[in-house]
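To start, I am sharing the structure in question, which I have written as structure tokens.
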Amino acid sequence: MLKVKGISVRYDIIPVLEDVSFSVQEGQFVAIVGSNGAGKSTILRTISGLVHPFQGSIDFLDEPIQAAKPYEIVAKGISHVPEGRRIFDKMTIRENLLIGAHTKDNQAEVRNTLQEMFELFPILKERQNKKGETLSGGERQQLAIARGLMAKPKLLMLDEPSLGLSPILSKKVIQACEEIRRSGTTILMVEQKVTEILKLVDQGYVLQRGKIIREGKGSELLASDTIRKAYLGL
Amino acid sequence: MDLTIFLQLIISGLLIGFVFSLIAVGLSLIWGVMDILNFAHGEFLMLAMFTSFFLFAQLGIDPLYSLPIVVIVLYFIGAGTYRFVIKPLLGYTVLIALLATFGLSILIRNLVLFFVGPNYRVINESILAGKTFSIGGLYFSVPQSVAALLCILVTYGIYLLLTKSKFGRALRATSLDKDTAMLMGINTNRIFEITFGIGAACVGVAGGLLVNFYAVFPEVGLNFTVLAFVIVALGGFGNNGGAFLAGILVGLVTTMGGFFIGPEYKYTLVFLLYLVVITIRPKGLFGW
Amino acid sequence: MPILEVKNLSMHFGELAALEDINLAVEKGEILGLIGPNGAGKTTFFNCITGFLNATRGDIFYKEQNITRFGPHRVCKLGICRTFQIVQSFNEMTALENVMMGAFCRHHLTGDAREKAEEILKFTGLQDKKNQLAGGLTLADQKRIELARTIATEPDVVLLDEVMAGLNPTETEEAIGLIQKVHEKGLTIIVVEHVMEVIMKISHRIAVFDSGELIVDGPPEEVVQDERVIKAYLGEEYHAES
Amino acid sequence: MQSAKQFTSIFGGVLVLFLVAPLIIRDTQFQHLMIMLLLFTTLSQAWNLIGGFAGQVSLGHAMFFGIGAYAAMAPLNQWGLTPWIGMAIGGLVAMVAAVIVGYPVFRLKGHYFVISTFAVAEVVRELFSNWDWVDGPIGLDAPLVEQGWRNFMFYHTKLPYHYTLLIFFAVVMFVAFRMERSRMGYYFRAIKQRPEAAQAMGVNITLFKQYAFIISAFFTAICGSMYGLYVLHIEPSTVLSLDISIKIVLIAVLGGIGSLWGPLLGATILISLQEYSRIWLGGTGRGIDLIVLGALIVIICVYEPNGIVGLIKRFSRKKRKA
Amino acid sequence: ADEIEVALLYPLTGPLAEAGGRIKAVYDVAQDVINNSYDIQGIPFSKTQGIPNKGNAKIKLSYYDTQGSPEVGKAETERILQEGKAKLIIGAYQSSVSKPTSFVTERNKFPFLCAVSSSAALTERGMKYFFRVAPTDFHDARMFFNFLEDMREDGRDVKRIAMVYEKTEFGIHAMKEVKKRIDGSGGVYELVAEVPYEYKATDVNAEALKVKAAKPDVIIHASLFSEMMLFAKAYKNLGVTTNANLSFCGGYQNPKFASGLGDTVEGYMGSCTFAADFIEKKAQLKTINDMYKAKTGMNLDGISMEAFTTLFVAADAFNRAKDLSPEAVRDALAATELEIATMPGKGVKFAENGQNIWIASTMSQIKNTEYKVVWPEEWATTPVTWGLRP
């Protein structure tokens, strides 16, 4: 479904990604792990077109997208929940969610999804007419995830979704991802809760200083010594 | 003082207030919602007036009928300004937009001066120009009354556009966080371009009506720019209804204040009003 | 005598009671863990103490002084400094300059402040990033800079709001070490964190907020066994795991 | 930030240039240009302290400019008081005005602040317009008094104006330079970027904004005095106008906002453009000079939104790479 | 032949570009008349080519733009002096620019010939190098009150006077002259409304209603075009009635005012040193008017005619000056006694203070979109129409 071939990315002149290749099959749950500053977020940003690689190509559903604009990429069915809880502060929570469904034209369907999100995150329903800026950190994170789900994407990219969520909620979010995957959506996730996430995923990639150093089934990676040493502090 | 004068003051204040509103609503959209400071707003108004004037003088189309044409022309002027001047500046300090549009205002004003000369032009014979009607000793200027009517329509239309439509939602999202808006699938450039066009088109409506009771000359926009800026801030940013009401308020203040306190103070009163409001409500009358 | 004491503190946003009648005291040299579900009022609690919000009711005492209505800058000068949950780096300054901003609180000369900042950067292990603009750093690095900058104000009490979010387990270990090092300097710390491993490891005492109320306050081992905490915050599974 | 050594050598060079230029080039047009250049650089640098470094965009600096102009001119006119004392009074009054104005307006954020500074300036302009002692809207003319330093009037030479302004220019540059690398300078930048975080670091942001505003007002007023004494005629609609406020800001933005050399670069470009486009293209009566000026401003902005300073940085980086 | 250069200092761009443009056109015509052979009766230097006593040297005009600003005006003046080519400066339009610029010339002992600035204060500064051709507010006000006196003697109501003026040097001086005369009338006249307004107004409803509430017999205006037009429209829109509406030299004189506003301004009156119907009385003016009309499509107006005359004053001074040094030109200007048939009054002779004392102006009235002279009798082509009804 998604093929990333040999991309390299620089911010200004500083190289961040070097010759990164990987692919995501339809219906898979894939995770990218790596230490701080390895370039995980940058991979997602590159796929969704916020930064452009100066080398390499990205194909989505067999179409090249490395030069496309973010909104075109979204229209093709990729949804990206960025890190850092970037919600629209001055808009109500309901509006924030509706913005998430900007590419959807079927209003009835949008309303349905909205109800689903309200079920998943009851706090959002309760506060739907309040401005985004009044939310707490964790509530924002919930909103950001829900907003990304509103698009009903073919490929959902999540950047550290459990950041700042209470243990209960963070489990719930990861479970929800499982469910979404089961319903046919492909998921590409960046996560720091390595142990939890690698247990669940089909495929995992380990990123170090802009290069993929290992890949394999989640359970394989978990078993690997290098991973355990580098990321699990064991 | 007799009652007719008093009532006339209110009527005249309201009528001119609507004109102010109409000019400010376009600015409020561009500045208040998109957060782009357009100093060339007054020049857009001037261009609208000239377009209307020349359609009348050269082709004999009455300003009332040419209004749609003027609106369309201004839409493209606005959209073009966005594409060629504003777009490259997004993401830099807002002051750079101020500088660029200030340069643009000098450019437009003097280009017009170059091509049509500095003369004052006046339309005296048109469907609206120079007409008044009176009810019980109170006088209503017809072109200003029409302007008032259109102002209400335009403001309401923009209100609907902003709050009730998908477009409006996308616009607000874009102005709050461009990158994230793009991730929502919003074509942010298009949204901004259209909005800039609409903002200019609002000024088009104002200009198309203003020719009926105002002289047209290259410097005409300057008289209104500053006032429009204060009106938008008074109403509160991000709120078109605010600009609308503030415009009317300013119309009343200039007229009533000018009469009772002294005409030489009428604009000072507007500024004082702004300062007083802002000390009580730091975000304007209706801002967020 | 507690170094920081909060009495009957309430903070209401219109209808919503973000904090309701909180009574909490922190002893000098203590590390207090503050946990609770999202939206429980933890950040609001910090905001009230540091003067960013004016509490609706109640009093805040610091070293026996009532600081309830003090502005943020005065609170900082007195020796209470905080980090922000949603990072607030000075994006167009380098990491070093960010930390210098903290150091200026006690050192008015640029040279002194720079010296102090360098020292803190070394202490926090950030010296190789010192000339990078903060805006270009990753979220986790920015959080570390916030921590460094906070320490640089030479406070007696620091309030840390999720400084360890977004770190992988190894990095978290390092961060814990860092906080313990800070603690050894004699600082009093209140730390908000959702990662239980961290909280359990470093806290001397844990306070749990739920819906604006302080529901449990006690030693870590007791708190995680508490039914209310498990129900509201940890989830049944946690219970099962431990 | 520039290293102190680099700054000193550039600064020295600039000073020497301004010292000898009017002695070598006797063309009064050129001398006039240099005076305007020094005046507007100084003004713009003064604005830069509050607007550029601290990020509080004031569109009301004409109020201080006007206060300075009137303070020097009115007592000279009415009592023959030496304008030097007037200048000092103007500086002080402007500082007091900054405190009074600053108190309410610094609570405001962003555009509300911008418009309120401008509104205050308009109100001040009205005050002067209705003040009979200074002849209201008609304004004041420099009296035909004896030439010399006492009255600061020179009828056949521009050099005294030039060198006096050069001193002010040097002082302001030095202040800005010291400020940039002092605690205050860091605080200003912090306030500009993240006021909340700055507060958490113990910065009393209102107080520091006030400091910046007061210093800025003082220098602006001094420049206003110089302007009045040089142009010989002041009136509310010129020295207290929005035009002046905007020009001051534009120069800083054009040069590169918040940078030490921005004002000088901006003024060099804008003032020479203005003066020379008028000299070469004016007089046709069709505003070609202003067409060119407007077009160039737009082009510069679009091409280099970081101002001339950004342009220079870009070039020097390219060179280094090559 | 040689050329004698004259520097013209006017607002060619900026808010007053419109007036500057018209003035420029008229100077070009005047230059043409002086430099080439036309033979217009009553106009000196028209038959000859150039300046006879200076070897038929041609007048050369170079324009300098003040942009309407004192600062720019001063810089341009210095540039003129520096370039050292011009023998004389003619300018500026606004009094507020003429003032500082003439200070510069005075200090440099260089002659400055002011054509149209109307502030009486200009010639009350004891300057030696400053001369002015145009009538001042003083002359206009004197004419207004002589006219009103006449009307009063005919039994018309003129007692209640409303004074509307812009808050600029122009307006304020005009107002002061009017006030002086009202105060000196011993109660014959009464100032019932004093309405100053901010120049660059967006609307004048409050002002017009103030006038309306005062129920004046006579409204006197000192306004520039844009506002004058707004006032005219406001008076009509608000049903303001009055017996007479008199204008100081200003927006009223702009031919667009009469032609563009149609019946809105029917019956408005104002001071005028030139009106198209002068042509009826003095055929030679038609030639000039035609030349001007060919350039601009408009008829001459008072201001233009004053400017036109001014260049002849310069030519005459050059002709008589013993050489072209600033001193000599100044002396020649001071001794001017130029009879020229362009304006009411005999021509130009300067008093000690530099003010033209052979000047006179007439009262014109807009009738059917044209300016007609209605007073005094010797110039009048039609009688006064009394009373304005919207």
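When the chains are written out, they are named A, B, C, D and E in that same order, and each has its own residue count from 1.
Note that contacts are C-beta pairs under 8 Å (C-beta built on N, C-alpha and C of every residue); 3 or more make two chains touch, one makes a residue touch a chain.
Computed from a predicted structure; not experimentally measured.
K.L.:
Once the contact rule is applied, which chains count as partners of both chain B and chain E?
P.N.:
D
K.L.:
Count of steps on the shortest touching-chain route from chain B to chain C?
P.N.:
The distance in steps between these two chains is 2.
K.L.:
Could you let me know which interface, C-D or A-C, is made of more C-beta pairs in contact?
P.N.:
A-C
K.L.:
Quick check: how many Å separate the C-alpha centres of chain A and chain B?
P.N.:
So the centroids are 43 Å from each other.
K.L.:
Need the CA-centroid distance for the pair chain B / chain D, whole Å please.
P.N.:
31
K.L.:
Report, in whole Å, the distance between the mean C-alpha point of chain A and the mean C-alpha point of chain D.
P.N.:
Computed from C-alpha means, the inter-chain centre distance equals 50 Å.
K.L.:
Going through chain B residue by residue, note those that touch at least 2 other chains and give them in order.
P.N.:
In chain B, 110, 113, 117, 264, 267 touch at least two other chains.
K.L.:
Hunt down the residues of chain C that sit against at least two other chains at once, touch-wise.
P.N.:
Residue numbers touching two or more other chains: none in chain C.
K.L.:
Specify, in ascending order, the residues of chain A that touch 2 or more different other chains.
P.N.:
none
K.L.:
Which two-chain combinations qualify as touching?
P.N.:
Chain pairs that touch: A-B, A-C, B-D, B-E, C-D, D-E.
K.L.:
Enumerate the contact residues on chain B facing chain E in the complex.
P.N.:
Per the stated touch rule, the residues are 1-2, 5, 8-9, 12-13, 15-16, 19-20, 110, 113, 117-122, 124-125, 130, 132, 134, 137, 139, 141, 144, 213-215, 217-220, 222-224, 227, 254-259, 262-264, 266-267.
K.L.:
Taking the complex as given, what residues does chain D use to touch chain C?
P.N.:
181-183, 186-187, 189-190, 193-194, 196-205
K.L.:
Along chain C, where are the residues that touch chain A in the complex?
P.N.:
Residue list for chain C touching chain A: 13, 35-40, 42-44, 85-87, 136-141, 161-162, 165-173, 194, 196, 232-235, 237-238.
K.L.:
Touching residues of chain D toward chain E in the complex: what are they?
P.N.:
27-29, 32, 36, 129, 136-139, 141-142, 144, 155-156, 231-233, 235, 237-238, 275, 278-279, 282-287, 289-290
K.L.:
Spell out the residues on chain E that touch chain D in their complex, using ranges where they run on.
P.N.:
12-13, 17, 20-21, 24, 62-65, 67, 69-72, 74-76, 78-79, 81-82, 96, 99-100, 103-104, 106-108, 125, 167-169, 172
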